[in-house]
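Below are the structure tokens for one structure; questions will follow.
Should a chain be cited, it is by its letter among A, B, C, D, E, F, G, H, I and J, assigned in written order, with residues numbered from 1 in that chain.
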Amino acid sequence: MADQQKLASLDSSIVSRLPSFAPTLFEAKTRKNLTFEEIARQLGRSEVAVAALFYGQAQASPEDVEKLSRLLDMSPEALVGMMGFPDRGRAGPMPPVEPLIYRLYEIVQNYGYAFKAVMNEKFGDGIMSAICFSSKVEKEVDESGASWVVITLKGKWLPFTRF
Amino acid sequence: MADQQKLASLDSSIVSRLPSFAPTLFEAKTRKNLTFEEIARQLGRSEVAVAALFYGQAQASPEDVEKLSRLLDMSPEALVGMMGFPDRGRAGPMPPVEPLIYRLYEIVQNYGYAFKAVMNEKFGDGIMSAICFSSKVEKEVDESGASWVVITLKGKWLPFTRF
Amino acid sequence: MADQQKLASLDSSIVSRLPSFAPTLFEAKTRKNLTFEEIARQLGRSEVAVAALFYGQAQASPEDVEKLSRLLDMSPEALVGMMGFPDRGRAGPMPPVEPLIYRLYEIVQNYGYAFKAVMNEKFGDGIMSAICFSSKVEKEVDESGASWVVITLKGKWLPFTRF
Amino acid sequence: MADQQKLASLDSSIVSRLPSFAPTLFEAKTRKNLTFEEIARQLGRSEVAVAALFYGQAQASPEDVEKLSRLLDMSPEALVGMMGFPDRGRAGPMPPVEPLIYRLYEIVQNYGYAFKAVMNEKFGDGIMSAICFSSKVEKEVDESGASWVVITLKGKWLPFTRF
Amino acid sequence: MADQQKLASLDSSIVSRLPSFAPTLFEAKTRKNLTFEEIARQLGRSEVAVAALFYGQAQASPEDVEKLSRLLDMSPEALVGMMGFPDRGRAGPMPPVEPLIYRLYEIVQNYGYAFKAVMNEKFGDGIMSAICFSSKVEKEVDESGASWVVITLKGKWLPFTRF
Amino acid sequence: MADQQKLASLDSSIVSRLPSFAPTLFEAKTRKNLTFEEIARQLGRSEVAVAALFYGQAQASPEDVEKLSRLLDMSPEALVGMMGFPDRGRAGPMPPVEPLIYRLYEIVQNYGYAFKAVMNEKFGDGIMSAICFSSKVEKEVDESGASWVVITLKGKWLPFTRF
Amino acid sequence: MADQQKLASLDSSIVSRLPSFAPTLFEAKTRKNLTFEEIARQLGRSEVAVAALFYGQAQASPEDVEKLSRLLDMSPEALVGMMGFPDRGRAGPMPPVEPLIYRLYEIVQNYGYAFKAVMNEKFGDGIMSAICFSSKVEKEVDESGASWVVITLKGKWLPFTRF
Amino acid sequence: MADQQKLASLDSSIVSRLPSFAPTLFEAKTRKNLTFEEIARQLGRSEVAVAALFYGQAQASPEDVEKLSRLLDMSPEALVGMMGFPDRGRAGPMPPVEPLIYRLYEIVQNYGYAFKAVMNEKFGDGIMSAICFSSKVEKEVDESGASWVVITLKGKWLPFTRF
Amino acid sequence: MADQQKLASLDSSIVSRLPSFAPTLFEAKTRKNLTFEEIARQLGRSEVAVAALFYGQAQASPEDVEKLSRLLDMSPEALVGMMGFPDRGRAGPMPPVEPLIYRLYEIVQNYGYAFKAVMNEKFGDGIMSAICFSSKVEKEVDESGASWVVITLKGKWLPFTRF
Amino acid sequence: MADQQKLASLDSSIVSRLPSFAPTLFEAKTRKNLTFEEIARQLGRSEVAVAALFYGQAQASPEDVEKLSRLLDMSPEALVGMMGFPDRGRAGPMPPVEPLIYRLYEIVQNYGYAFKAVMNEKFGDGIMSAICFSSKVEKEVDESGASWVVITLKGKWLPFTRF
């Protein structure tokens, strides 16, 4: 039972904001006692991407579905919705109210212009793509034993077209 | 004159949201033709932190002020406000309307729950601090010659206190 | 199963914002494995208009319903709601959170006044109608093999009445 | 004096939202009695881009500044701000209240999901870039003598990176 | 079946904002193939008022209910809710997203102060009542065959009490 | 001095939302002791349109400017801004807080769907234009001596284009 | 059946905002044909307080429940929720859209600062409590036969504590 | 100097929301050391109305201006703006943030539906006018010496017109 | 039955915002007639923390679940959701409409900057953590017999990292 | 100069939201190199209250002004505004964007219902007053040398009046 404290599950109150396969997937994950780290290893994808798949924020390939159906012991038909075109961005409210997600939002709020100024000087007039984009989360433990989260956001630089 | 295209400056229409030293600093930076990279090297701080200083989103130490005043050829008195306690978070509107800053916001919107699920499984119930926090921006060029932005967000993990 | 990756379907979480025929239509379309392009050809209408019909944002003619019922193998009675007067504009939130739709919104945000200035100089004081209006989406592939989307928005110019 | 009815100028009440060079540019344009069409021809750029430059929503190259200063009889120094990195997106309120701009917003509101469905089927899972992007406005007159606006939006297709 | 194109019906997605008798009434109206014009004639009331009754925005008298029950072939008991005190104003979102309703909102937005100035000069300091109020919609066809909508809003003038 | 109670003037706190000619015009109107009714008669335009001109919500023709400059004893140059393309819709907040304007908003809120249903049945699928549009305000006094406001809104019917 | 026009009932579309006993109570009240005035007399409480009890905005005492259960012919168990601690303030949207409730809101909007100034001068620095508070609604008929509503709001004055 | 603690004055930060005569009036009131009670007695009006006059929320008559100019030792010309048609409702933000004004708002929020139900049963379908309206604030001291505020709101009952 | 007046229960209208175990827990608590004080004593935790557990705003340990299941006579399986990672912050609307919760919000609104200034002077540039955080509520009765609430908020001080 | 890092000062960008004496006071405080702790000791008031005085969120007594004028070497006339009735609640935006103030807001967001449940069980149906209220901030250092903030909020319990 204590394993419940190790696995991310789905708060029933956000189910209505997510595609219908999301709760089914999370239940299977709990039943199989699998972390996103383990599933990601099996799928050959990043943990962040796999969690995004579960929340309906990324598109699964046929291979993803095949592997997931085996791993979670589900029929591929039940997962067919994962291969549709995601309708992104509605999982939670903005501004976020969840403290963990709010901290990420606060970083954008406080450092947004600083990021812009630094990128403009390094790259010119443009943006970092959030589409040609990948991300990962890593854990570091410092000498005092404290844990640190390291999030990497990597996106292609897109210069504004001159027209 | 073309250098103008290499240096971040301050849009006059956001000046009223920033502390009064901000436009003075940016003008001196332009006059001295300095990038944030160069200033950061002189101050021994990160580029993101230095840009945040200019926008009034971080606190300067007396040494920062001393070095800046020399570098920018300004009297230290003109920079005294930089050592005050910053009143953070009001530089731009939220949701951001600037495309570059919006992309960062969109990452939080789309991947917020994925980040939360992954961090919870890796670290337990808590948050990544946005205070015990540092960040950097790096440039990578891939084999095809395309540029990529790599943002690193590093924050201490804070578990919720049991009480 | 991989076809799922080629056909637009309906995210279950937006069904409650749409008229009741919408999910039925999308399911039939998936079952028949039809793209909007194919349906549009059969109906003699634009793809954008046909997709709008499916989302309940445009009115179907009796001929549309007749053809659709044959094409999708549904009774015309099930499609009768499509001939009602649409209650437009509630399919998604504004500002949009879906990245693809947000980009269109951002174009209005960034270039809105530029469009206005150019139209005013070309046409006088008035608006481009969004009612006497049509639109199409085309694909272009440039010499490097990259794909480009070309959206055409065509609306009647309406000068403000002098009174 | 009637020429005033042919040239776009700047409403004094939005000046505070724009960079400081904007009202200067518009005044010079009025003084020189130039349309955006004429300026665009001189700069070798699109009318929409040139209007965006005037509103501070696009970056000018040194050549743009040189040509503009000659055309408008202004010192290049007065236009130096146009070569800075634009702080986009704050020219007007969203939702727009100006009827002409609102119509464009309404098109996104009504047809947003239709555009998404059609693009997804034509291109896969991704977005049309608003950065690798150009736009033009054209006038058509139909056989009955009525005028039509044709807006073309052309953006690079960016598929979501698999990670 | 083409009659569907002539009768206003109820979008299923707004039913939850309306009193429970609304969908029942609209279904009966469709079944009986009646326009609001015909119902209004039978009830001796204005079309606008009758449509407002159907949307739960006006109170029915016992005579209205009696006549409606006969006309629509429903038991008077099913219509008893129409005689309750309406809970007005929640049928649709504000600002309206439906294009037809938005145009009315835009008239208030654009001409609100003009209406106020004209009424103040004609009547003094006060308001036009929206309670002691009636309205009608008429159709005019001009010499070119084009149709025009004429909406009349008639409200009692209420001067501010001096106290 | 009591005439002040008969003429609409401009609240100083909304001046910053209006074009710069607006306060000048209102002051001249007060100085000349002219009502909108009288000015409208001189210009051969509707009172509502003339008030809209003063608030910068409508475009003046060269003839309007000529007549106004004579009537108000102002140089035509001071009125040249009135011939520009208006930037409409920002005179007051929405939802309106001014009681008189709020009542008009409330009419849209309460009767919006009723108007839509009645127009759809009378005209089909489309909208009443707010651009090909005119309006007038009239006063009626009933037998009991009570005053009534009669607002007429007349707009061209625009059917949705089938495409 | 005409009695329906005399009794307040509950619009089905707000039921989801209220505690579950609310619709049950209103139905019993209708069945018993009781006004709030009559129920208030039986409970020895104010009409406003009794209506607030029905909407779940006030706490019932055991005696209230006992009397109500007899009066409405309901089992006390069905009313037990009325003795819980109310979760106030969510019955309707703010700003109110219901015209009657909006008028009260408008009074606060228009006269809020006037009330504050008058209370500050009469009582000092503090507030009128909305908790140590009671209210009543009375009807007055003037000599012309017109009806007037008189609402009395009585709250304890709470001075700000000096600390 | 302690008198400052007895007289309502104007916070400099809201001056920009009020007509230009407001700060002048408040300064004269302070200079003359007059309460609203004393001014109201001289004008023969209610205290609430007089405070509303000072905030630009009510219209002054020529007699009001005459008396005020004598009482406050100001030229009538300086007060001429008070006789204009007020642009009401913009003195403070809504929802109010000032605690005293918020409590009045909270009463509407908590008891709004209760007021509506009671008024509907007492008067029928309609509203209490906020225009044909007066209000007063009184002080009561109970036997324990505690102070109570008694606000009376009196408005004409307006039944919805049947049309 | 009067005990209902002593125990906090759950308003049915907020159930949809909370995890599915919340209503079950509250019902068991009512059935067992237990206060949070008694449950907290049994769990060896603070009352505030225990109430937060019931609302799904804090994570339960396996021991919490074990003890709760015994105390409330529920199977541990029914409580397994309490050990998941909470999705915090969505229990009620912000700004709060419940008067008790609003008062806490108002304290932040009125004294926020005062708290910041005092903490900055006492601790430097940083924040009080809301994660490394505990809180308690105590009751004090003064000499006059009046009750006072004493809330203690204790959070670790986190200085901004210099980077 | 390093003292700047120990004293709270006023960000110039919030000055327009505060009464006019606020920047004067903060400048004098900086000039005199005084902390709120020292000023509070001199005034015999709490640090939080004194900081609130400086931000215009609390009323000063004549004695406060007298002492402050001596301490800060200012004429009492310059401080006369501090004795006016404060117009509270507008110092910063809500939701707060300043990280320190946001954490307090987050505590209300996350624990609001928990506080309510605990208070209701301890005190009955009512609220903790934010008016009959005091607060203090204390520093604790734990055995590991880490600093903790302890905020105490003490407010009178106000039971809802039964009426």
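Definition applied: a residue touches a chain if its C-beta (ideal position, glycine included) is under 8 Å from a C-beta of that chain, and two chains touch if they have at least 3 such contacts.
Here's who's who by UniProt: A, B, C, D, E, F, G, H, I, J = Cyanate hydratase.
All values reported here derive from a predicted model rather than from experimental measurement.
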Matching G-H on over half of contact pairs, by residue number: which of B-D, I-J or A-D? I-J
Chain centres from averaged Cα atoms put chain G and chain J apart, in whole Å, by 35
Averaging over Cα atoms per chain, report the distance between chain B and chain G in Å. 52
Counting only Cα atoms for the centres, state how far chain A is from chain J in Å. 40
Junction residues of chain J - those touching two or more other chains: 5, 7-8, 48-49, 59, 61, 85-86, 88-89, 94-99, 102, 106, 109-110, 116-117, 120, 125-127, 129-131, 133, 135
Can you list every touching chain pair? A-B, A-C, A-D, A-I, A-J, B-C, B-D, B-I, B-J, C-D, C-E, C-F, D-E, D-F, E-F, E-G, E-H, F-G, F-H, G-H, G-I, G-J, H-I, H-J, I-J
Touching residues on chain B, where the partner in the complex is chain J: 16-20, 56, 59, 61-62, 65, 76, 80-81, 83-90, 94, 130-131
Which part of chain G faces chain F closely enough to touch in the complex? 95, 97, 99, 102, 106, 109-110
Would you tell me which residues of chain A are touching chain B in their complex? 5-8, 35-37, 47-49, 51-52, 54-55, 57, 88-89, 91-92, 94-96, 98-101, 103-130, 133, 135, 137, 139-140, 146-157
Flag every residue of chain G that touches chain J in the complex, lowest number first. 45-46, 48-49, 58-59, 61, 85-86, 116-117, 120, 125-127, 129, 131-135, 158-163
Using the touch definition from the top, list the residues of chain C that touch chain A in their complex. 1-2, 4-5, 7-9, 11-14, 93, 96-99, 102
